[in-house]
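Letters A, B, C, D, E and F name the chains as they come in the text, with residue numbers starting at 1 for each one.
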């Protein structure tokens, strides 16, 4: 089956991101397809390249990045939610004349259309709320 | 009176940051002293220099920065909470070899000792939870 | 010494106000802020306990701007609207401020 | 078509599970995850409704890793532990997944 | 009967979720998807009349809800039991063309949906 | 009677608040402040026995609670009514030297505090 997974929680702050990560791993293990990851609301912080979790704790952002790379997943961070929360790629950094960008390269900023398109064309949509 | 104000919510994601901001403004207007602002948990995102809220909405981070500058407030962002959430100053960027830093210059990263010290020496401690 | 209790969650979905009311002492005050303002409406799940608390002499306040933003007009009797200036004054009148969230 | 309902809040502090139980149809399933796992304990505020739902044929599951992390051992009868593989399978068996949080 | 049902269960100003749900519904309409919005639990406060979000320096959420029809979103539902539990009725709402759904009708809405977006 | 009372009302793994509260208490102890920790509402689950946080790849919170005494935090209280409401009692807890407080004693704890940290 073709899944869309929506993540609304930041790592560490809520359990949503971890649950979503484990769910995605399990569905891929079962041979299902993960059409799109959509990071929305506080979920956009999953795309930050600047987090430094303690060495003896799970690095959830790192885990997401590895999963995305390994399975060549389409990981979209909602651009409107990200701008409000200070998660920027190089293009938005330039557009808003900000001193830095912080989106990890495995993620793409894009609009809500990406959520709707995925939702309209997949078999299952699962939301992980915070 | 001497106040310590603890902020646990990020702007936009919860109402905590706005309530805290209005409370701080009111206490300063009444001639009270704001000994320390302590940004903890998701409150550390108040210190981000990268947020780009829509032009027709309140820019709460900007409002905090102006208040801090105007009243020369001591605004501490908890370093442990900030590192986990990807809010870094230049020193931590270097220490963790990260590509960028994103803490606005009006804020300082420091430890929980700053919360305890403020709490022990002020008259009132007010927490704004998310 | 007395305590100011702030509550920022709606009692229709969350038990913070209920817990607060159980722990409130005679000299204390309660201030409903943010979504806590929903606790002040006539059909509030805590309406009875709020009225009892008020009868015991516990001051019950609601942050007017939060109530106004949410369209809340017909509030329970004995709940006094206040503003951020009043919030600061209440903080000064009580030694401790406990936030229920 | 049927729905899988996930609930991630504890019914001791939040009404999500209660709302979910009111809206659940005969063919649906409920999966308790994260703090939702507290809903599966014997003293759960929703214990009665969960048992009734189960009697109506609604499958009630709890994510075992979340229950285990929280130390929850003596769970209500008729609540079946499952893992993330089971979560995925439940998602496939139901057309829609509604998350109560 | 709608392909996508967006269930919005949170209050208008306590978090960003109400607005996030509304934006998702507008995006679905822009992409000409068959979309329905269901307000339930604390979400019914989103449609409560007399909101003055300027008091907390925010934009009115109720107005955006009213504008949904303009953007082609015809199906806006309110869970009736959530409404009555809060002492509200149809006249308490700022929306005109809203349809109240009892539990059975709400179950039917969910049962015919192809996808649910949960907010 | 304690100068600072930290009230921790949230569950151990659903958010960062339980750990944040614990870290604040440890910091207070490190700065030789007179500190008390009160677990109430969902916070009592923090002290629940048999936690295995490794199941969700996290560190055990209960163990950190047990270590408080080592760091000089003697006053750890549990709100009794919160405990009984969840079907728990003293034997359900992983902590040994914890003191259960009824409503009256909890009110007294608050009434004598100089500052409260709310988590």
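We adopt the following convention: a contact is a pair of C-beta atoms (placed from the backbone, for glycine too) under 8 Å apart; a residue touches a chain by one contact, two chains touch by 3 or more.
As the structure is a prediction and not an experimental result, all values here were calculated from the model.
Common neighbours of chain E and chain F under the contact rule above are A, B, C, D.
Under the touch definition stated at the top, chain C and chain F share these contacting partners: B, D. A centroid comparison over C-alpha atoms places D as the chain most distant from chain B.
Set against the Cα centre of chain E, the chain with the most distant centre is F.
Interface note: chain C and chain D, two copies of one sequence, contact each other through mostly matching residue numbers (shared numbers exceed half of all numbers used). Separating the centre of chain D from that of chain E, both taken as means of CA atoms, is a distance of 25 Å. Rounded to a whole number, the gap between the C-alpha centres of chain C and chain D is 33 angstrom. Multi-chain contact residues of chain D (touching two or more other chains) are listed as 8, 12-13, 15-16, 34-35, 65-66, 95-97, 99, 101. Of all residues in chain B, those touching 2 or more other chains are 8, 12-13, 15, 41-42, 84, 124-125, 127, 129, listed in ascending order. Multi-chain contact residues, meaning those touching two or more other chains, occur in chain F at positions 13-14, 16, 41, 56, 58, 115-116, 118. According to the touch criterion at the top of this document, the contacting chain pairs are A-B, A-D, A-E, A-F, B-C, B-E, B-F, C-D, C-E, C-F, D-E, D-F.
Across the complex, chain D is touched by residues 11-14, 41-42, 45, 48-56, 58, 62, 85-88 of chain F. Within the complex formed with chain A, the residues of chain F that make contact are 13-16, 56-59.
The touching residues of chain D, counted against chain E in their complex, run 1-3, 15-16, 19, 22-23, 25, 95-101.
Those residues of chain F lying in contact with chain B across their complex are 3-4, 16-17, 20, 23-24, 26-28, 30-31, 33, 115-119. For chain F in complex with chain C, the touching residues are 5, 7, 9, 40-41, 81-82, 103, 106-107, 110-116, 118.
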